[in-house]
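The same subunit A turns up in both complexes below, where it pairs with subunit B and then with subunit C.
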Partner chain A sequence: MSATLSTIAEFVVRVAFWMALAPLGPGIINKVKAWVAGRKGPPVLQLYYDLARLWRKGVVISTAASPGHIIGPAIAWIAISCAAALLPIGPFGSTVSFRGDAFLFIYLLAVARFAIACASLETGSAFEGMGTAREVSYAVLAEAALITALITLSVRTGSLSLSGMLTPFAGSGVMLIGAGLFIVLLAENCRVPFDDPNTHLELTMVHEAMVLDHSGPPFAAILHGSAIKLLLFAVLLADAVLPGLHLGGLGGMAVTVLALGIIMVGVGAVESLLARFAFRRVPLLLITAFLLCLFGLLAAWKGSSLQ
Partner chain B sequence: MMNPGTFLLIAAAALVFGIAAAFRAPRLWLGCTFIAAAAGLAGAAMVLFSGQPWEFMACLTLGSQPVHLRLDALSAFFLVLLVTIGAAGALYSMEYWPDRAHPRSAPAGRAWWSCLLFSMGAVLTAANGLHFLIAWEAFAVCAYFLITLDRQRREVRLAGWIYLATSHAGTLCLFAFFALLAARTGSWTIGPFTDASLAPLFWLALFGFGVKAGLFPLHIWLPSAHANAPSHVSAIMSGVAIKMGIYGIVRFSGWLPLPAGAGWTILALGAISSVLGVAFALGQHDLKRLLAYHSVENIGIILLGVGLAAIAAQSGNPEWGALAIAGGLLHVWNHGVFKALLFLGAGSVLHATGTRHMSSLGGLWRSMPWTAGLFTLGAAAISGLPPLNGFVSEWLLYLGLFDAIDARGPAAWAAVPAAISLAITGALALACFVKVVGIVFLGLPRSAAAGKACESGSAMRIPMLVLAAICAFVGLAPLALAPALQTVARAWNPSWSAIRLEPSLSTLGAANLAFLGLALLISWVLAGRVRKNGARRFGTWDCGYAAPTPRMQYTAGSFASTIVSWFEWILRPERHRVPPTELFPQTAFSSEHTPETVLERVIAPIGDITMRFSTAVRSYQHGRLQAYILYLVFGLVGIALLTWMGAAMFKGLP
Partner chain C sequence: MNASLNLFTGVAMGLNLLALGSSRIPSIIRAAAMQGMVIGILPLLIGSHMTLLGLLVAVGTIGIKGFLIPHLLRRAMRSANVDREEEPLIGFVPSLLLGAAATTGAVAFSGALPLLPEHSNVLLVPAALATVVAGLLLLIGRTKAISQVCGYLLLENGIYLFGLLLINAMPLVVETGILLDLTVGVFVIGIIADRIQRAFDTLDTRKLTSLHE
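Here is the complex of A and B:
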C-alpha cells in the first residue's frame, strides 16, 4: 500500500516537474532566434508571464461552440502530461513503467490530437478547419516514423517498455534514428520548416490556425501543453540517442540538461536558417523521417545480430 | 439442472415465439428478443467461464444428417456479441422503424430480425457441415430481406442485389469447401482435422468467409448494403454479420491443418484491408457509407491478429501468438460494440434530419446532445484512443507484433510492416473521425433540416448508452475479460494452454483508469477557472468578414483532401469543377466523389464484357430451323473428325 502511495506521490511530483520546466523550451528557442537575427528578443521566461496572464483572463467563446471547446484543451493538456510522465528522464529513470507503455505513450499523444482537433472544429470557422485538417493529415506520417523508431529501439533492446527501450547504450543506426526523431519533433511541434509559430497569416499555419478562437485559461492550457510536448520530444530524442544520459548522479543530470539545451538551440538554429516549406513538400520531409527511421531499423537489426 | 443447452433451447424457443409475435404484438416481440438474448448470454457465459464445450446429438435428422450441435468457447465468444447487438438493435428499431411510419415493413422487419438472430445462432452452433451451410444460407437470405426493408427506393434494391449476388459467390465457395471436406473425410461432421492433405481447402474457406467478412478487395457489397439498410440493420450487419465471416476464418484456421503461407496471406490481407479501408472511408461524404468502409478497416485489424496468430501456430511460438489472437478476437467484440454504437448514432442523425450527407449537417450537438456525446465516445473508441476499448485490443495486438519482431524469426518480416500499417491505420482513423464529429456535430447547421433536428427518444438512446458503457467498461477493466480471452485462445489452439494475459491487462486497466480520473479532474478545474474568470459569447472570428454564412465552414471533402490525394492511385476520386472566371463570377462549384473503385472499375467492366459476349452469342439462337440443322451438321462433322483423329492419335497408347 505504501509502495503504491509513494509511486503516486512520485508520479505527481514528476508531472509537476514537467509542467514547471516545460515553458523554458520555447523561451530558449526564441532567444536563439533573436540572437541569430541580432535582436535582443523576449526574455527566456516570457512564456511563464504569458501563461500567468492568460490564466487570469476572461474567455470569449464562439456562439457555435459546445462545452467541448473547453474540455478538449483540458483533456489534451493532461494526456500530454501523462505521456511525458511515462518517459524516463536520463538518470532519474521513470516512475511508472510496464510492458507496452510505449504504445500508451503514442496513443496518449493521439488523444491530445483528437481532443484539440475536435475542440477547434467547435467554432465552425474555415481557418480552424484548415489547420485541423493539416494537423491530423501530417500526423499520419509522423506517427509512422515514430512507430518505426520505437520498433528500432525495441529491436535493439528486446524491451517493450519505454524505460527498457531508452536506457541501454544507443548502438548502431543511432544517427539515423536521431535525425528521424528530430524531424518528427519539428513536425509534431509545428516548428519551421513545417509551420511557422511566429506567422500571423492564418492560411499558412497549422497549429496556430487550429486554436485561433481559443482564449483565456483554455488557451493557456493549449500553449502549456504544446510546451510540454516540445520538451517531451526533446527528452525522447536525447534518451534515444545519447548514451551518457544514464550515468548516475550529477554527471548524468548535467549531460541531460546539456542535451536538452542543445536540442532547443538546434530547433532555434533550424528556425533561423530555414524558411517554411510549401505545404506540398511537407509530406516529403516526413516520409524522409520515416525512411531514416526505417534504415535505422535495418542498421539496428544488422548491428545486433552481429554481436 | 441448468446447462448451456437449456439456455440455448430457451433462446431458440423465445426467438421462434418472437417471429409469431412480430406481426401483431411488437412489445411481446421485444420481450421475446430480450429473453432470447438473456438466455443466449447466460449459455455463452457458462461455456466461456467453465471452458467446457457443450455438445448435443439429437436422434432427429435433417437432410439425412443427424442434428449435431456444439457450443465451444470460440462460438460462445461470438454468441455474446450476437445477443448483445441483437437486443440493442431490437430496442432501437421500436422507435427508429415504427409501425406508424412503416406499416408494412416494420412487422416484417421484426420477424426477419428474429429469423436473423436464430440463423446466426445456428451458424455458431452447427457441428455438421451440411447444417452449417443451411444456416449460413438462411442467414444470408434473412440479411437480404432486412437490408431491403425499404425496397421502394431504387438504390436499396440495387444494394440488396449486389449483396445477394456477392454473398452467393462466397457461399458457392463454401459449398465446394464443405463438400470436398465431406468427400475427403467421409463425414459431414466438422471438428478438428488432422489429415494434412486437407490443408489446400483452407484457401476456399478463406475466400468464402472473406466475402462475408468484407476484407479488401472482396468488400464490394459492403458499403452500399450498410449505407442503404435501416440503421439498426446496418448496426447488426456491421457489428455481427460480417463477424460471421471472421468466425469462419478463425474456426477453420484452428481446425484445419494450415497450408504454408496461410498466416502470411491473412496478415497481408489484413494490412491491406485496414489501410485501404480507412483511406476509402476518408473519401466518403455519406455518413453511413463512411462507417461501412471503417468496417473494412477494422476487419483488417482483426485479420492482422488472426494472421499473426496463424504464423505463430505454424512456427510454434505461443508467446506472441496468444497475444495476437487475443487482440484480434477482442477487437471482434470491440468493433461489434463501437460500430453498432456509431451506426445507431448515425441512424439518430438520419432520423432527425432526413439526410446522410455530411455536407448538409453540422451543429447537431445543440439539438442532439446525447447522440453527439455518445457518437463522439464511439469515435474515440474506434480511433483506438485510451481509455476506451479500441485501445485495449490494438494494444494487445501491438504487444504481439513487437514480441514477434523482437523474436527475430522470419515472422518479424511480416510483423514490421504490420505494426507500421497498424499505426498508420490508427492515425488515419483518427483523422477520419475528427472529420465526422467536426462536420456532423460541431460548428453551425449547414441546412435547414439540420437546424430543425431534435433529439431522439429513450428507445433509441438507451441502446446507445448501453453500448457506450460497454466501450468504457472494456477500456477501464480489461482484466475482467482476461479469463474469457484465455479460454478462447485455448479453444482456438489447444496446445497454447499455459498462456496468461492478466499481468499486462491489469497494469493497462490501472493506467486507463488513472488517465480517466486525471482527465475528469483537470476538465473540472479548467471549466471552473473559466467560470470564475467570466466567459462571454461572441461570433466566431472570421478575419473581419462582415457576412459569414454556415456554408463557409470547412466541408468533409476539403477536410480530407490532403489524405485523399495521397491515395489517389486507388481511390480514383471523380472531380467536377467549374472554376470561377471573370471579375464577378456567376456560377462556380467544385465537387469530388470517391467511387467504389473495385466494384466500378474492376467488377463492373468484367460484368459488362461478359454481358456483351453473351449478347453476341445469343444472336445465334434465332429460331430459324435451317440454321439449326446447319449447326447440327457442323457439330456431327466436328465429332466425326475428333473421333477419327483421336483414334489415329492415341493408337500407340495403351
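Here is the complex of A and C:
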C-alpha cells in the first residue's frame, strides 16, 4: 500500500516538475533567436508571465460554440502531461512503466491533437478549419516518422516499454534516428521550416490559425501544453540518441540538462538561419524524416548481421 | 574495414535519395558528383588495393566523377540557360518513396542471393541495385535533359559498385576505360543539350517525342 502511495506521490511530483520547467524551452529558443539577430529579446521567463496574464483574463466564447470549446484544451493539456510522465528522463528512469506503454504514449499525443482540433472547429469559423486542416495534414506524416522511430528502438532492444527501449544506447543508425526525430520535433511543435510561431499573416498561419478563437485560461492551457510537448520531444530525442544520459547520479543529470539545452539552442539556431518552407515542400521534408527513421529501422534490422 | 566500407556505401545510398528528392538541377548534379567521389574511394577500402595503380584509379575516378563531369554539366546548363526548377513526370514524394522501397527491397533481396562469404556482410550488392533503380527513376521521371544525364551517371555508379565485387578478378584498367567512355559521353551530351536548346528553345525532352518536317 505504501509502495503504491509513494509511486503516486512520485508521479505527481514528476508531473509538477514537467509543468514547472516546460515554459523555459520557448524562452531559451526566443533568446537564441534574439541573440543571433543582435537583439536583446524577451526575458527567458516571458512565457511564465504570459501564462499568468492569460490565466487572470476572462474567456470570450462564440455563441455557436458548445462546451467542447473549453473542454478540448483541458483534455489536450492533461493528455500531454500524462504522455510526458510516461517518458523516462535520463538517469531518473520512469515512474510508471509497463509493457506497451509506447503505444499509450503515441495515442496520448494523438488524443491531445484530436481534442485541440475538435475544440478549434467548435466556433464554425472557416479560418480555424483551414488552420486545423493544415496542422492535421502535417501531423499525419510526422506521426508516421515518430512511430517508425519507436519501432526502430523497439527492434533494437526487443522491448515494448519506453523505459526499456530508451535506456540502452541505440547503436548503429543512431544518427538517422536522431535526425529524423529532430525533424519530427520541429514539425510537431510548429517550429520554423514548417510553421512560423511569430507569424500573424493569415495566409501562412498553421497552428496559430487553429487556436485563434481561444482566449484566457483555455488558451493558457494550449500554450502550456505546447511548451510541455516541446520539452517532451526534446527529452525523447536526447533519450534515444545519447548514451551518457544513463550514467546515473549527478553526471547523468548534468548530461541531461546539457543535452536539452543544446536541443533548444539547436531549434533556435534552425529558426534563425532557415526560412519556412513553401507548403508544397513540407511533405517532402516530413517524408525525409520518415525515411531517415525507416533506414534507421533497416540498420537496426541488418545491424546484427553486418557487425 | 567492413565498417568503413558499409559507411561509405550507406552514404552513397543516401545520396541516391537526395538526388531523387531535390527539385533543382544544380543540387541533383551535386548529389551525383558527391556519389561519384564517395564510390571513388571504395576500391582503396576493399582488400589490398593500396597500390600505386589503385591509388591512381581512385584519384582519377574522384577527379573525373566529382569535378570534371559536374563542371561539364554546369557549363552546359549555363550555356543552354535552362530553367533550374524541375518539372517531374514522377513527383518528388513518389520518387523518394519508390527509391526508399527499392533500397529496402535491395537489402532484403541481397540477403537471399548466393553471394561469396566475403561479400555477404557488406552493403555493396544492395547499394548497387538501389543506385541502378534510382538512376532509372531519374531517367524516366524527369523531363530536363541534364537531370536525365544525372540519372545516367547514377546508373553508371550502380554498375561500378557492382563491378567492385569483381575487383580481384577484373583489372582496374577496365574501370579506367569505362571512366573515359563516361567522360566522353557526358561531353557529347553537353554539346547535344546545347543543340537541343538552340533548336527547340528548351531542354524539355517531351518536345522531342513528335516528328517534324
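The rule is short, and it goes like this: the second predicted complex is superposed on the first by the 304 of 307 C-alpha atoms of A that agree within 3 Å, B and C clash if a C-alpha of one lies under 4 Å from a C-alpha of the other, contacts with A are read in each partner's own complex, and residues count from 1 in each chain.
As a working rule, a contact is a pair of C-beta atoms (placed from the backbone, for glycine too) under 8 Å apart; a residue touches a chain by one contact, two chains touch by 3 or more.
Remember, it's a predicted structure, so these values are computed and weren't measured experimentally.
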item: First, second, both or neither for A:T288, with subunit B first and subunit C second; value: second
item: Subunit B versus subunit C as contact partner of A:A126, first or second or both or neither; value: first
item: Partner chain in contact with A:V155 - subunit B first, subunit C second, else both or neither; value: first
item: Contacts of A:V267 with subunit B and subunit C, given as first, second, both or neither; value: neither
item: Which superposed partner A:L231 touches (first subunit B, second subunit C, both, neither); value: neither
item: First, second, both or neither for A:V255, with subunit B first and subunit C second; value: neither
item: Footprint overlap on subunit A, comparing subunit B with subunit C; value: 283, 305
item: Touching residues on subunit A, where the partner in the complex is subunit C; value: 281, 283-284, 287-288, 291, 294-295, 298-299, 302, 305-306
item: Residues on subunit B engaged by subunit A in the complex (per definition of touch); value: 362-363, 365-366, 372, 376, 380, 383-386, 391, 394-395, 398-399, 402-403, 405-406, 408, 416, 419-420, 422-424, 426-428, 430-431, 433-435, 437-439, 442-444, 503-504, 507-508, 511, 514-515, 518-519, 521-523, 525-527, 529-530, 533-543, 550, 552-554, 558-563, 566
item: Touching residues (chain side subunit A, partner subunit B) in the complex; value: 55-64, 66-68, 70-71, 73-75, 77-79, 82, 96, 98-101, 103-104, 106-108, 110-111, 113-114, 117-118, 121-130, 132-134, 136-137, 139-140, 143-144, 146-148, 151, 154-155, 158, 160, 202, 212-213, 216-218, 221, 283, 297, 301, 305
item: Parts of subunit C lying in touch with subunit A, wherever the complex brings them together; value: 2, 6, 10, 14, 17, 21, 23, 92-93, 96-97, 100, 103-104, 107, 111, 121-123
